[in-house]
Amino acid sequence: MEAIEVGILGATGVVGQQFVSRLARHPWFRCTWLAASERSEGKAYKSVAPWRLNTPIPGAAAERIVEPCVPGRGPKVVFSGLDAAVAGDIEGAFAKAGHIVVSNARNFRMDALVPLLIPEINADHLQLLGEQRRAKCWPGAIVTNPNCSTIVLAMALAPLRQFNVRSVIVSTMQAVSGAGYPGVPSLDILGNVVPFIGGEEEKMQTETLKILGTDGGRTPYPAAVSAHTNRVAVLDGHTMTVSVAFEQKPSIHDIAEAMRNFEGRPQELWLPSAPHPPIMVSDEPNRPQPRLDADLGGGMAVSVGRVRECPVMHAKFVALGHNTIRGAAGAAILNAELMHAEGMLA
Amino acid sequence: MEAIEVGILGATGVVGQQFVSRLARHPWFRCTWLAASERSEGKAYKSVAPWRLNTPIPGAAAERIVEPCVPGRGPKVVFSGLDAAVAGDIEGAFAKAGHIVVSNARNFRMDALVPLLIPEINADHLQLLGEQRRAKCWPGAIVTNPNCSTIVLAMALAPLRQFNVRSVIVSTMQAVSGAGYPGVPSLDILGNVVPFIGGEEEKMQTETLKILGTDGGRTPYPAAVSAHTNRVAVLDGHTMTVSVAFEQKPSIHDIAEAMRNFEGRPQELWLPSAPHPPIMVSDEPNRPQPRLDADLGGGMAVSVGRVRECPVMHAKFVALGHNTIRGAAGAAILNAELMHAEGMLA
Amino acid sequence: MEAIEVGILGATGVVGQQFVSRLARHPWFRCTWLAASERSEGKAYKSVAPWRLNTPIPGAAAERIVEPCVPGRGPKVVFSGLDAAVAGDIEGAFAKAGHIVVSNARNFRMDALVPLLIPEINADHLQLLGEQRRAKCWPGAIVTNPNCSTIVLAMALAPLRQFNVRSVIVSTMQAVSGAGYPGVPSLDILGNVVPFIGGEEEKMQTETLKILGTDGGRTPYPAAVSAHTNRVAVLDGHTMTVSVAFEQKPSIHDIAEAMRNFEGRPQELWLPSAPHPPIMVSDEPNRPQPRLDADLGGGMAVSVGRVRECPVMHAKFVALGHNTIRGAAGAAILNAELMHAEGMLA
Amino acid sequence: MEAIEVGILGATGVVGQQFVSRLARHPWFRCTWLAASERSEGKAYKSVAPWRLNTPIPGAAAERIVEPCVPGRGPKVVFSGLDAAVAGDIEGAFAKAGHIVVSNARNFRMDALVPLLIPEINADHLQLLGEQRRAKCWPGAIVTNPNCSTIVLAMALAPLRQFNVRSVIVSTMQAVSGAGYPGVPSLDILGNVVPFIGGEEEKMQTETLKILGTDGGRTPYPAAVSAHTNRVAVLDGHTMTVSVAFEQKPSIHDIAEAMRNFEGRPQELWLPSAPHPPIMVSDEPNRPQPRLDADLGGGMAVSVGRVRECPVMHAKFVALGHNTIRGAAGAAILNAELMHAEGMLA
């Protein structure tokens, strides 16, 4: 099989670096085009990307000249790690120019015609693309993945849809890498907790219901979600405590088994980035922990632990996922893998 | 006024050190007796207490010879910072020998005849002491303060009793000083979150209802509490997110005002350790934060912020308190101040 | 005694906040004027200063309207916490307009006519001011304090001049507050060490010799200094390991005693910010530590420990000081106190 | 080639866990025997090893029953991650019983007949084993690797022997994993520096000279080393600043090139754990950093950066290595690989 050429919009940021790193060893995709803001244009990638990963910058990418984000240039398939401030205009222009934009930005997530895709959960939401093309007159397309904390919550809730989730209260402890670079000042987070992340609670409360919803997400899942979002002194991995009420009253055992046995299209299709299983359920009393568990499944597995009775709602548990892998670059790459496997990148 | 002599049981631990530090400059109490385990007996305090505070060890205490925890010795009033493993036996023996034990240990907290006292909330629970003396044949007495995370939650809920609290979901981010010394290994908490603290959730779920209850706490407050407790890389200050449902449906403004205007006996009596006001309600979007707010009111104030609607319950907010001051040594000292003001230490 | 009115240039930054906080309770100075960049002009101080201290913003300052840095406005005496990018022009203009500028900025530190003042060490360097006024035609004056790491090293070396210091190798572990706000990104420092701070090694290597020098610092102290500067995950307090070679070969005991007995003009004059003693020498095996010792002497004392033989040079030890107090705002205020006591602010 | 069976003494500690993890995927060695203290005897490994690595516990090891450290049992080749408190007796007994003990413990490091081995530097020190066997009447043997901070320093100095190193001053910033588990209490290291590690400075000052020495280390290298050792809030990776004086005066370029081109027996023999190159010299202004560089070469490379003039000695630089891999388990495994390649494990 010939490699599929892909490019990256916003290649120099934290998410862009994760794209570069993960695509360098991808079995299907070959990254041949790195684009960023004008400030970086014409310079070698390594000289403009403040590399923050603990794996060396891939050799092929290091010397590549960064190009401007001009639609029509670069490969048909582009991943986007653009900042929300510019992603709306640029991604739209790329779709209009015929590119398939697999985006991590938030701008189009809640657009009724754009899939907010987690392949394990709502692979069928890709059905929106036909209508998207017609309605928006885009020869290309845009597909998005959720916010980094939403994706962990949605993964943990997906196997519980069978019990009819009625309401969810989630409180997060989020890693600093979720805020990009330079991101969170060290004076704010060393020995501290910041109990606020701008816009994050709203994203968790709305994106989750679109993801779990039907008709491509246009009919939101009929539950209420309340989020408390907090920043803590962790590098990678968003941890969250979750209390859930159901229509049915499943036993704790049934809930844990539903999570443990959960699988989706990526597992059936053996997509390259698919974790097996997608949800790791721990019986240890004090897990998951971000330092120990965020990298499970190559950073693509969501970990769940401490599934137990909730004296107020029905059940409660702890969930964890790697925010820049499962919650960002890895999520977008899994989306592209699904699209390729379904013949939608041709 | 003559100073009241007091002693400390368990003087060498983290809570004991806070007792020593705070009593060294107390206007009413004079600490003249330091007791600890046999290992420390007969040695100078400074040589056996691994001092972890960032204020120097008080001169008078530094050279004091540590004594064994033998009932009958030492002043009538003793503060206890003992470990739970030994506190039950020792505190009981001291009460039996006529001492008034003002304890931070958990052993007697849920005893139906022992006040679980927060002077702002349930000063009237001291009424139990008469019955305690009769039933237990103690010439002395035992009074306890709650667990360090419970006290923050209970303070935040106390002003809301007027709206009839029905249920509470709380998720904590707790400081390492709450686990004593050596306590939490650094390999467990650097860049990490540990989503489990042994016994802590049960304490929050039961102690809170006794504190807010009536008849000296024997009739628990009729609400349900569900706690998720987590350890984070913070030195001092337990932060928690709280969602609350009420019988009545107070407005967000009414809730914030109720907290802001809350006062109790310590404020009326101008007790030396009483914070004014006891609850600091912030309008900043990202407060309270442990590094910035734990020391407010000399570490005795509880901070609340982000009071807002909860899409699942009725209201949600963030609460914070200093775990070794308001949540331990300072709490016990305030208890003793109340007892003195009420003529119960004579 | 009537209070002396003072103002602050660069009042909204981290150092400016320390000025505001410390001057709010100063016995001699009254801060009546807060100036900052145009961005903040005309706004209430509390709305433009991202307050990072764990003491509340002083009431009088909170509501004060921030003014622009225009020479001729504001009190005669102004403290400067300006960024080096703008401090050169603004401070010069203020001196030209008749202000006495007590600066923490680096711009004029190495100017041969500007005292680089540490009152315990070189109070006599104030003699430069007469020549400064004549040569620069300034009716006002500029006095500076050293870089935050230099000041700790210079204090530790000052008592050792009697043994004729020949060479010094210092390796620092510096707090993030030294880089201001937002300063060091958390992704750079959480669980990490950054073995480089731009320009810092050169400052330590040159400023130290001017401070310890004679003729107002114009004849540098005849020794060689080599600095390694590193950033670590500490909030406040620069720790450093120091190896020293001497012409004489003092005993370890003599070195420790020289430090312990060291005093200067601030101690003789009982200046309000003077620590007693200025150098705290510890006999503990594992001190000083920034979390425990940075606040000693109200943050104005330098701590030294582990004075011992060096197998390569003669002696080695650990030194520590609070970088935003003794190393910045507190240093400048002590400078102004000395000038006032010497009748130079009139 | 048939796999060589190996065992682990002290398998449950932090270093033991690294042995288990690395041996699980080793091409030559197969770990079939896990031994630890009596407390763990007879229990499944996973139930007694508090697993602190962020890779899952290897399946084969997880269920293996832990055995007691009884000489004569287990394979001929045993790795030792024992605590120094017990390593002396146990390792000696194993050598006496015919085992080849490849040890990370400090007990035999300075024994004149025991190689203190770093294969890149002193592979020829294995010549001691013949005399060791004769003198100690051991049918087996003991080989040791250096202390975790020594190994980083020795690696950085080895290529500089050609310039005749005369003296070295090193100041370390060491990770908490070097202290084992539970090890450093979080109250000691969060937001702090501890400028003391018991016995560590002496080890660096003596072990380094034996390693670089001749005649199997019995003639120490003729230089002086002075060490300052500090603990910082880093998980893995010891960083150190180094100043060096030479007999010759090599240029900075010559020093960097000597390090960059350094190679030894492991590289010639392509041993499985050998990093290529063993020393990574960076030209970046702010590297190496533990979070970004400790894992280079699979944790077996030593990183060096900022090679520059020292105003007091001749040159200075920063060095970094992974303390539990290159500085412990990985070092011992490389030692065993060398011995196998040299036919000394048969």
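Note that the chains take the letters A, B, C and D in the order they are written out, and that residue 1 is the start of every chain.
Definition applied: contacts are C-beta pairs under 8 Å (C-beta built on N, C-alpha and C of every residue); 3 or more make two chains touch, one makes a residue touch a chain.
If you're wondering where the values come from, they're calculated on a predicted model, not measured in any experiment.
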Longest centre-to-centre distance from chain D, chain (CA-based): B
Reference interface C-D: repeating pair among A-B, A-D or B-D with over half of contacts shared: A-B
Of B-C and A-C, pair with higher C-beta contact tally: A-C
Centroid distance [mean C-alpha coordinates] between chain C and chain B, Å: 40
Separation of chain A from chain C, taking each centre as the mean of its C-alpha atoms, in whole Å: 47
Junction residues of chain D, two or more chains touched: 52, 190-191, 233-235, 291-292
Touch list for chain A against partner chain C, complex: 14, 52, 176-177, 181-191, 233-235
Chain B residues within the chain A interface of the complex: 167-169, 171, 173, 190-196, 205, 224-226, 228, 230, 232-235, 239, 241, 243, 285-292, 305-306, 310-313, 316, 318
Residue ranges of chain B touching chain C (in the complex, touch as defined): 51-56, 190-191, 235, 291-296
